[in-house]
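Shared between the two complexes below is subunit A, which pairs with subunit B and subunit C, respectively.
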Partner chain A sequence: MSTGFALDAGLVLDAGLAALVLAVAVGAIVAGTAFAAVVGFVTYGLLLALVWVRLAAVDVALTEAAIGSGVTGAVLIAAAARLRPAEARSAAERPGVPLRLAAAVLSALVAAGLAMLVLLPSAPAPSLGPAAAVHLPELAIGNPVTAVLLAYRAIDTLLEKIVLLLALLGVWSLAPDRFWGGAPGQPHAAQQDGALALLARLLPPVGIVVGVYILWVGAVAPGGAFQGGAILAAMWILVMIAGLRDAPATGGRRVRLLLVVGPAVFLAVGLAGFVVADGFLAYPASYAKPLIIAIEVVLTLSIAVILGLLASGPPGRERQR
Partner chain B sequence: MRQVLDIFTVAAVSAGALFFLVGTVGLLRFPDPLTRLHALTKADNLGLGLVVLGLLPQAEGFLAGVKLVAVWLLAQLAGATVTQLVARAVRRGGPPA
Partner chain C sequence: MPPAVTLASAATAGGFLLVLAIILPAAGVLLALAFGRHAERIALLLMPAGFAIAIAILADVWHSQASLVAVMGGWAPPLGIALRADGLSAMMLVTTALVICAVGLFARGDFGMPAGGGEARAPLVFWTMLMGVWSALNAIWLGRDLFNLYVALELLTFSAVPLVCLDGRAETLAAALRYLLFALVGSVLYLLGVALFYGAYGTLDIGLLAGRVRAEPVVWVSAALMTAGLLAKTALFPLHLWLPPAHAGAPAAASAVLSALVVKGSFFLAVRLWFDVLPGLPGVPAAQALGTLGAAAIIFGSVLALRQERLKLLIAYSTIAQIGYLFLLFPLSTGAAAAGIWGSVAWTGGVYQLVSHAIAKAAMFMAAGLIGEALGHDRIAGLGGIGRALPMTIFAFGLGGMSLMGLPPSGGFVAKLMLLTASVTEGQWWWAVVILLGGLLAAAYVFRVLAPALAGADEPLRLCARVSRRREAVVLALAVGALLLGLLPLRPSELLQIGRPAAPTAIMR
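After this line comes the complex of A and B, so read on.
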């Protein structure tokens, strides 16, 4: 606790961090090219992860760094590269001053409304935290975030994974008919002696261990399926970009199986809840922890494959049969 | 003993911060991409290295220290690779428009 008006080092750090986040956000918006905007966005995501750490929300920080900044950054860079030929044309079509002014005013109003809610809270701020925490020991999951995500909010978590699958289908549907089921894009040129190839050989053994560890530790400490899956996906993307292994055909049976196994097992356990527990997505009390860990493991696999294929883009080659 | 270690931490982390500052000034002031990369690597290698070295005596146990060193090594690996890639892109035809 800070005493009176004494200059608190943490407060100075937070204020500097907040100013930096705002500055980088403005920089990303006014950036001249799509590539510069993406670089700004990735920086913004990493700074935001630091903000979440300062708020003691390490689970959110890990997710923000891995997904919000990392994998999304890779997807956006690929999109910026695809859009480059059309960039000059779309820049000429940018909206007029009145429209941009209206957007700015609207955004400022939303920001002001949120700021008011934060600065003038109805004391004490309403919270379901204590009520949720009462039943958590029954699950024997030490990390309250994982417990809430897979118990109270299991339906949200399930739908979230299905949304990821739908997003991948959206990307795939950009491909012409003759490429359906084929491998994404063109193979990256392999440079067996390059720096990238070296990194793609050295880093994955470390990254895979870290990803599995993050998944496993998610039961008792910050971590979990999403963060672990994103790290595994990043390792796979690195290997594909370096050209060491080509992306698989999107129509392959093994790929399709890996894509759906996570949500399918989650759904199956949820339906089994009707028979062995109190209803949909309810766990039998004595098996709650092993079931949650099993769901997390298959979800991690599916998330890694979904994210890796999302970053690879739509199919661009005819399927080899 | 505790005090000596604390003084060592402050000195090493300050020296690390100085390298970050110098690296940033170089990034902003140097004239072309290759010299700017040169400035950045100093912040990565020596700056982060000194900060990690300074934090080692404060680490809670042996494993936490190993994690700190691992962070430094991974940052080195990533930094060196990215520097190579950027430098290669510059040699091929300048930064992307």
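After this line comes the complex of A and C, so read on.
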């Protein structure tokens, strides 16, 4: 009886969560202003993180909360604030009914196709989960997600970091030539008191500890470089928004080195695998865990700096020399 | 188990070359970011090395008559990821290296770092993104894992989009944003299909998937989603709206890379999907649908190219038409007699079109760049007398045009002749009509440029800038390459069959 009750409670929770996610999504689409839509989007991301927790995908939940909601939310809020003066004018340029109808039909088609596949009876989905777990002892780590990201599919992770760097360079490339190498945007007015200043002083010490913990624990439990780096970036963004510290010049030698150090170390260890192990991105037996953790530490640094600078936008001031 | 499985899981001796082909330009990205003011030097130093790697892979594949395989980290698929170079990959690697090196030599004039020794915006972004495009394309030619290929596609998108708005004008920013939106929708659709494949079959390895897929709803839905996403990135009619402003607005060196190579990446994945993942499935309606869109693109793109006032827009619309030819590959090699040798003719013709258009179009865009530099504008009506001022450049433009029209002995001639032959022998004559009509329209739009360019000017031509002979020579060399492609014996046809156990050509044997 007790299991049946637990099952029902879980079902009710899931159904309520699903309904809420859908309602918030619709709310974000029909919102009247960009700012309201962004608030809807951030809420949607946080609820989605809960859905991932319910699906026992804690790593995905952490990433969704930190990136999908946190950093993306910060970027979108800044964009909405900047667009506000022009919002009334651009409302006249909204896409016409046929285009919006076409988008709706297309989305509905995709959703219907997916729903059909989910509802069709099918054999239990095969999974690589057991295979991923079998090799964990060889790597001396306990979290299969970390094993996938840093060992089995390490080349994907490496190339994704290059994608992040190119995305940052793409954002920077929007700057006027005279600002190249300068600090991003305008400095935020320093807030001596008020909720934001208080938060920016209280939260980072805790956040930095949590971020480092999430990075460290990634070897044995949900966590790792990306999640840890995203939390560190969020703390840095908070400090910048509150005006406690200004963003660094994008052309600074130290900033550039921090940006590339993670992928560069990853790549160097990968190439060393040709010599000391059996091929690119292979780890020598019994050194796998220390190497993976070393790579994750430098990756966390680079990811935090990349995400923090991505959220800060293109250079907007002349470079001080 | 099909032979592809054993092939994919055993690494070969030359496998490290495949890793280097992807990693060398990726290391170039990191170095360029870290040592910004040396970005140009870093890129130019890496180019000969990258070219040599591509040639070495081609030679290895040709000599061993077998695919090169590399297994990442020693983790064999399905848990890990393998890279594999078959004949087709080797051909694309060399084509890419050729075009990138030519663009690099050409761009030295446009994107030099400032004399003061500092770092400047446009050069840093250009050289870094060029390395990014190269790494991404090589990862696409070599990838054997659908998610690894997704990462490569993202790498390609994020290096290609900033190239569009390098000059920072409002209209190129709008074009880049539109390109980004199309590309991201394409990525999401592709990724959705990849997730469905994994959910249904528990692997993302192309060789393993080919042995497991069955004709069932999940395969059709994922194939449809992935194909739609890839078509949006390839700019196949009617998803072409983003291409003309993006390719015409970019600086000439960037346009050359975008039009010659970047759109081919997603096309190549569509080929991998239908020929390597789903070879055993009856895909006739899908193939006919893709062919129909391709035919519409040929007619529509050519007619619009004919009506353009500006040279770069004309070339960009011509790209839409030439992409259309590529998609005739689908109905002509998966048709009723798919098992016949004529499937192989269409297959070779399609790949010939891929390579010859890449080389010819890169030459034409760079020629247009030199013309625009010399005249200070690129209005077709104002081209009078330019043929006398820049004879080498106009000659190169004409040679590239021959390939678009399909005149002998160009590579485009061989490509179109093979597609034509295939459509006649397949009994699908309607494609032959489109191919011939497309050739006529191409002749019309190329002559629309050449006629005023070769005519005398009403008044003495005043050039805004001197054009360097070196850059003219690079463009001409590339255009001559596109022409000579047609003189190669049918070696490529043999090369293309290396490592293709699942290709239609192999089924008959």
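In this text, the second predicted complex is superposed on the first by the 313 of 321 C-alpha atoms of A that agree within 3 Å, B and C clash if a C-alpha of one lies under 4 Å from a C-alpha of the other, contacts with A are read in each partner's own complex, and residues count from 1 in each chain.
The rule is simple: contacts are C-beta pairs under 8 Å (C-beta built on N, C-alpha and C of every residue); 3 or more make two chains touch, one makes a residue touch a chain.
Just so it is clear, the structure is predicted and the values come from calculations on it, not from any experiment.
Undergrad: May I ask you to decide whether A:His135 touches subunit B, subunit C, both, or neither, giving the answer as first, second, both or neither?
TA: Second partner only, subunit C.
Undergrad: For A:Leu13, decide between first (touching subunit B), second (touching subunit C), both and neither.
TA: neither
Undergrad: In the superposed arrangement, which partner chain does A:Leu22 touch: subunit B (first), subunit C (second), both, or neither?
TA: So A:Leu22 meets neither subunit B nor subunit C here.
Undergrad: Mind working out whether A:Leu199 is in touch with subunit B, subunit C, both or neither, as first, second, both or neither?
TA: The answer is first: A:Leu199 touches subunit B but not subunit C.
Undergrad: Is A:Ala79 touching the first partner subunit B, the second partner subunit C, both, or neither of them?
TA: The answer is neither, since A:Ala79 touches no partner chain.
Undergrad: Examine A:Thr33 and indicate which partner it touches, taking first as subunit B and second as subunit C; both and neither are also allowed.
TA: First partner only, subunit B.
Undergrad: Residue by residue on subunit A, keep only those touching subunit B in one complex and subunit C in the other, then list them.
TA: Overlap of subunit B and subunit C footprints on subunit A: empty.
Undergrad: Provide the residue numbers of subunit C that touch subunit A in the complex, in ascending order.
TA: Within the complex, subunit C touches subunit A at residues 11, 15-16, 19, 22-23, 26-27, 29-30, 33-34, 36, 70-75, 78-81, 118-122, 124-125, 128-129, 132, 135, 139, 147-148, 151-152, 154-155, 158-159, 161-162, 165-166, 168, 173, 189, 192, 196, 199-203, 217-218, 221, 224-225.
Undergrad: For a test of understanding, state which residues of subunit A touch subunit C in their complex under the given definition.
TA: 110, 113-114, 116-117, 120, 122, 125-128, 131-132, 135, 151-156, 158-160, 162-163, 165-167, 169-170, 172-177, 180-181, 251, 256-257, 259-260, 263-264, 267, 270-271, 273-274, 277-283
Undergrad: Which subunit A residues qualify as touching subunit B in the complex?
TA: Those residues of subunit A that touch subunit B are 33, 35, 194-196, 198-199, 202-203, 206.
Undergrad: Going by the contact rule at the top, pick out the subunit B residues touching subunit A in the complex.
TA: Where subunit B meets subunit A, its residues are 74, 77-78, 80-81, 84-85, 88, 96-97.
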